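Think of it as A, B, C, D and E in the order they're written, each chain with its own count starting at 1.
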Amino acid sequence: MPEIRSPGDGANREPPRVGVYVCHCGTNIAGTVDVKAVTEYAAKLPGVVVSRDYKYMCSDPGQALIQQDISEHNVNRVVVASCSPLLHEPTFRRVLSRAGINSFFLQMVNIREHVSWVHLDKQAATEKTKDLVRAAVRRVSLHKPLQKRRVPINPNVLVVGGGIAGIHAALTLADAGKQVYLVEREPTIGGHMAKFDKTFPTLDCAACILTPKMTSVGSHPHITLWTYSEIVKVEGYVGNYKVQVKRKPRYIHEDLCIGCQECITACVYKEGKTPDQFNLGLSKRKPVYLPFPQAVPQKVVIDPETCIQFKSGKCKKTCVEACGERQAIDFTQTEKFEEIEVGTIILATGFKTFDASRHPYYGYGRYPNVYTSLEVERLINAAGPTGGEVVLRDGTRPKSVGIIHCVGSRDANTNRWCSKVCCMYSLKLAHLIKERTGAEVYNFYIDMRTPGKGYEEFYDRLLDEGVHFVRGRVAEVSDWAVHPSEEGKLVIRAEDTLAAFVRRIPVDMVVLSVGLEPQADVQEVRRLFNISCSTEGWFLERHPKLAPVSTFTEGVYIAGACQGPKDIPDSVAQAGAAAAEALALIDAQFVELEPYTAFISEEECSGCKSCIPLCPYQAISFVEDKKKAAINEVLCKGCGTCVAACPSGSIQQNFFEDDEIFEEIEGVLAYA
Amino acid sequence: MKYTYYPGCSLRGTGRAYEESLLAVFRALDIELEELEDWNCCGATTYLSVDELTSYALAARNLALAEREHRDVIAPCAACYLVLNKTQRYMHDYPDIKLVVTRALAAIGLTCEDHVRVRHPLDILLHEVGLKTIAEKVKIPLKGLKVAPYYGCQIVRPYATFDDQHNPTSMDRLLEACGAKIVYYPLKTRCCGGSQKGTLPEIGLDLIHYLLSEAQKNGAEVIATVCPLCQFNLECFQKEAGNHPPISMPVLYFTQLMALALGASAKTIGLQRSLVSIAPVLAKKEIAYA
Amino acid sequence: MGAFGTHTMWTEVGMELKRTVKFEADRDPEFARWISHTVGGERIRQCLQCGLCSGSCPLSLYMDYTPRRLMHLSREGFKEEVLSSSSIWLCTACYACMVECPKKINVTHLMYALKQRAIEEGFYPKRFPIPVMAQQFSRMVRRSGRITESWLVVRVFLRSAILRLLGMSKLGLRLFLAGRMNVRKERIERRQEIVALLDSVAATRKELAL
Amino acid sequence: MRNRELTRPEKSQATFEPRIVAFFCNWCTYLAADLAGTSRMKYSPNVRVIRVMCSGRVDPQFVLDAFAHGADGVFIGGCHPGDCHYQEGNYKTLRRFHLLKRVLQQMGIEDERCRLEWISAAEADRVRSTINDMVEKVRALGPLDLIPTEDKVSAEEVAV
Amino acid sequence: MPEKPKVAFYWCASCGGCEEAVVDLAEAILDVVAAVDIVFWPVALDFKRKDVEAMPEGSILVSFVNGAIRTSEQADMAHLLRSKSKLLVALGSCSHLGGIPGLANLFDRESILNAVYLESPSTVNPEGSLPATHHKDDGHTVELPRFYNTVQALDQVVEVDYYVPGCPPTPRIFRTALQTLLGDELPAKGTVLAPDHALCDECPRKDTKPERLSFVEFKRPQQVLIDEQECLLAQGLLCMGPATRAGCEALCVRGNMPCSGCCGPTSRVKDQGAKILSSLASLVEGKEEAEIDRILSTIPDPAGTFYRYSLPASLLHRKKLDGCHCKNR
């Protein structure tokens, strides 16, 4: 690893010749900050040899301006006052590099996000900008030449979550020859998509397009698939993560089970007794089961909660008998922990649907014929509990069905966001229900949101099919009949805002189009992977537009609905993007890390050991023969906590040295 | 050039001046018009309220009669123009309508094979005669007479074929060729209220008022129209519609203005039939007409 | 319908209140079917309720239900509301709505259809002149083959608003003096053709139940 | 002589504009402030933000240095407990902050002048509201005015 | 024989310990006397102020001034010696950092005078008279030094060239400093003439300090039986050693007492109190605020503890007083 600090640092450095570059950012900055005044002010600051303003500093001519000054005016320190350093610091650092000076001789001043966009008073904004520029000029003069650190990238990738996003990401990477670990906590991969019958707007059969991908995952030579497993520990850093995976016991030897399902047939339970989770409780399963016919891997699971052998130990074990010589069943199996090393991680942990009982006035859980949209997906599915028949709880066909949109979406009482997919899947369900039952179908919606290829056309088609569209948020579903035609029905009450009156519409079946929510354990997961969440609980991307699959933790990417509500095409696209990001890193073979590490001056350190317990990465150790502390720069992540705590000031952090920060503090406060 | 001429009922009543001036213009341009033999009411808009099928049948009789002449039909009245066009189109689009109409025509020994083109005088004058010819034949230029060109609805909507739906300019160009100055008139295709003045007069007057006051505001000295109903509405209810401030605005058929320029005498083009005379304006402009 | 349904009442404080909950039973699905099968109504179900028709209509500002609302009520089958609406009588058939409609719905034509249906089913203000005018119009055409405006106007007003005719007499006189009021009735030569034509239409209509 | 910058203009309560130095963690509060920008939220222009990689980098000396150089308030923004990008840096900040606040109290510096807030990257509105709130509170307290110390004092006192 | 370099000693607000330290050179004092010519040393020899005033500017090679600046007379003398000396050296903690007298900066003059002359229970002062700068007696007006509102380190009043740390400086520190000053090569101006690392480096108990230390309680020396071998911090005692400049050879620790920080911070630290605060607080156990507060409450007087010798030289310099304390109240 090359040295972070260039040799000869500090000794005989040339006096600073600072160039100050103030960006207009069109009118983004210039509209609020008097850019000219700032530029003129900066020109008079000590050490400043050039001060310029420009329309777009980040543009090619803007960059050329800086480069030219470095070569022509011997500028050796650069201050760029523009946008957030998180956006363009790399851009301007490259400019310095190209011009032949150390790229860390740059200080950015954030006068857009932190000034022009948040203040109205032009004079105050200009004064603030001057303060910030002055501080930067003072600070940059103290900057030391630094080098980025290079660390090698382990080419293995961990993909967490086996829904469509995880599957797609895993296959993309595996096809590129990378070793992928796909970890899924359910006994099968497939996620939500496996539960659907058709997909909008093309009405492709979900199984037809998903199953081949699932099978590929199961058989791919480069994919290690661990279902029924969870990540319990993540250590390390980009390119070099150590991950511990807990594999829950399925009481079946995966390598011995061939998926013949004879054990299921042979189970002492003649009929299933346990609500089948995959069918959302609409059917029953046995203690030994396969989640669904196309499950991958095709390995059964034993549920110890309901299996007699686990409960009493006195089962006849007909299943073991049926398995015969294969001996795949093992009641003594316990959870196992696997350690893997990967360089990058893709999180595709998906979403959960809104719990419809949180809207008691829609009667979910109270009226048997109020269903969630996901339940109806299962009803419609030919492999579902009713073999594709859309029927009420009593087995009869509904003559009228009301589909209520935005359940748990666009509602300050529950979730404020639009769940994005509900309009389209509601249209799809409306179409399928009408097709299967001939029922009169009513959609109750707030706005119809169909942005997507072929989506508006699908809406058009549904309009034409004679599905009713009532624009209004449903206030209540009840069985209270006030009109003879309402007897024995569920009455939906809503204002038809287009007709501008309240309507009561009696139906046989109500479908609640539930919104998408972050997974329940999202906080634990994000802490595990050291990433952030939005206030809503969606994983936070590095930049909403320019880095939508990256996170603030290098080497950890997000794909699919864990980042926000997304439909299948968007999830797949994002999964592909995440895989590409991981591949780019792997192919580069190493990654450059910011040199913001801490270092201890050996001759100054007193060996007081105060810093040692403070480092969460065990990067600081006590060197016994010298009786001094030392920092391992590979392990140091550059938080600076030890620097702040060193009682004798003997630890410094690159780019955030005490003197540099003091200079910045005193710089912003100094009066002009 | 020779065309079949379908006057329609209005041109024999309130819109008599339209017919007189139209014929004068075509005469001056040496275009022969032959009135459709034994034509009947087109069916008009009002009729549709009662019985659309009958309205198509009535229109179709005229089309069938015209077909025998193998000439394009000129329908100056906007309502007639629309209904005749619409009938052709609906017979084409809706088999039921075609069946009813074909049978009805058959009952009186006629057939309608969609051979004739129903055209508006603006279309003929602009595209067949041409601005150059017209300009050459102008005898008394209108000397910058400020005209607000008012097209109304039905000649441009819904089946505009010869001009722009949103901003028609055929009349503008024709009158300019006659020396007039066209004023900016954003309401040139806005509805005059049609028969509303007769049914719900308050509303009709509102609409008329907008049209008149906007023309006045933009400095028009005369409004030129292409529709007997528009002309009637705008001229006859000025007093009622224009109380604040009172409006006195001559409303002429565009053919009257053209005929003037082409040298026709006032009497032959029905200027005397106006309730608001244009004479003072012409005098002021020193346009000495015959 | 008990305490629900459309129902007007006077409160003790003299305020007129209207209950306007709509039941599904208030809907007439047949009417909805009819409108979507009538000429021009083919695409009414595709209506996005964008309101461009109402915005472009020069008369919507006087209407109780804007054209957009009428489209929605019609396709949902709220026949009574639609046919008793004043809007259908306010339409002047200027076609502004139709040419701009993003779904190419023939709103103007639907207005005609609704007018016709309203007349058929007796949904119109008693002395409202349009049905009267249409009636007189058709009678005159059947008899003469053409319309004589002066006579049409007199007849319409005699049957609807006699007082207004008196108010208009001054204008009538001026028009008469200007030679714009025909005294002589216009008529065509072969009037029997018109009768035969109209009879044939009536017969075919009956036969095909159009 | 130990240098002190004494050029600060006389502060009067009427024209007083508080000057607040903020230390924002690169991973949360700094991002939240960026988000406040992209969301075009508006807040008082009295804060000068200094970026650090972690609130754990905030040396109590920084806080005192800011006060000594004319800051009327200091605002430290870090990640919520349990959310630190570096696992536990913010707990160290919290502990130091508690002890520092006691020293500040002893030194007569009002509580409202030094503030520690946990603001995640998504909580742009908390950046806005905290800054506005702090500016108003510090405004009410008036200038800190630690600066005119020894030289000025001595000069005047010697003159007696 | 060339003229011996002239040396002066002066004593401002201090306890006199630094003077003792000079004397504590013991027999080495003779070497000093042999090497230099002491031209001013009020505590030991009879010189008058006017003698100094009579000296040419810059005629003294080194003036050692100990004690903080508390009164106008001390300030005057500091200026006077500055002008007469080539090198002005702050000797001992009070001069270097403000020292123990500097803790008076937690109060103002008024409250100090009130406490001493009016409120203390042993004081009898029925007229309530307070020290004044002018006193009339028998027709004569006597001018007396003014008692300042704020205690200052020497360098806050006059330019100082070097510092000799310690309360008092140990004979070894002083001797080494003297040798340096009389030597051929002078260190950079502003240097503290002592090693520039923390005390732990030379602490005899260094090896007993555990690598992973954390605090659940801070103990005061009188509360526990102190182990004579083990690191004091490891015993929960608040030792300032990690944040204090070395040079004293850990005399206090050898005496089984924790370091209280008299040698001040290393050159890399601006504020000794803030640094020890940061270091100790970082190592406190607990993540809940209440638990943190409980542990920290076992440090009863943090300002007095962390700034025992350095309050005037600290970043905050003194307690902020109500109203504008720049006005002479």
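Methods note: a residue touches a chain if its C-beta (ideal position, glycine included) is under 8 Å from a C-beta of that chain, and two chains touch if they have at least 3 such contacts.
If you're wondering where the values come from, they're calculated on a predicted model, not measured in any experiment.
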Starting at subunit B, what is the smallest number of hops through touching chains needed to reach subunit E? 3
Tell me which chain's centre, taken as the mean of its C-alpha atoms, is farthest from subunit D. B
A-E or B-C - the one linked by more C-beta pairs in contact: B-C
Centre-most chain by CA centroid is A
Let me check something: if the centre of a chain is the mean of its CA atoms, which chain is farthest from subunit C? E
In whole angstrom, the CA-centroid distance of subunit D from subunit E equals 30
So the centre of each chain is just the mean of its C-alpha atoms; given that, what is the distance between subunit B and subunit D in Å? 79
Chain centre separation in whole Å, for subunit D relative to subunit C (CA means): 74
Whole-angstrom distance, CA centroid of subunit A to CA centroid of subunit B, is 67
For subunit A, residue numbers touching 2 or more other chains are 614, 641, 644-645, 658, 662
Residues of subunit E that contact two or more other chains, please. 269-270, 275, 278, 282
Which pairs of chains touch, using the document's own definition: A-C, A-D, A-E, B-C, D-E
What residues of subunit D sit close enough to touch subunit E in their complex? 1-2, 59-61, 63-65, 67-68, 81, 91-92, 94-96, 98-100, 102-103, 106-109, 144-146, 148-154, 156-158, 160
Can you check the complex and tell me which residues of subunit E touch subunit A? 196-201, 206-207, 209-214, 241-243, 246, 265-266, 268-270, 275-276, 278-279, 282-283
Taking the touch rule as given, give the residues of subunit D at its contact with subunit A in the complex, in rising order. 5, 7-9, 17, 19, 21, 26-28, 30-31, 33-34, 36-38, 40-43, 45, 48-54, 56-62, 65-66, 69-71, 82-83, 85-89, 92, 96, 120-123, 128
Considering the complex alone, what residue numbers of subunit C touch subunit B? 39, 58-59, 62, 89-90, 92-96, 98-99, 108, 112-113, 115-116, 119, 128-131, 133-135, 137-138, 141, 145-150, 153, 156, 164, 171, 174-175, 178-182, 186, 188-190, 193-194, 196-202, 204-205, 208, 210
In the complex, the residues of subunit A that touch subunit E are 603-610, 612-614, 622, 627, 641, 644-650, 658, 662
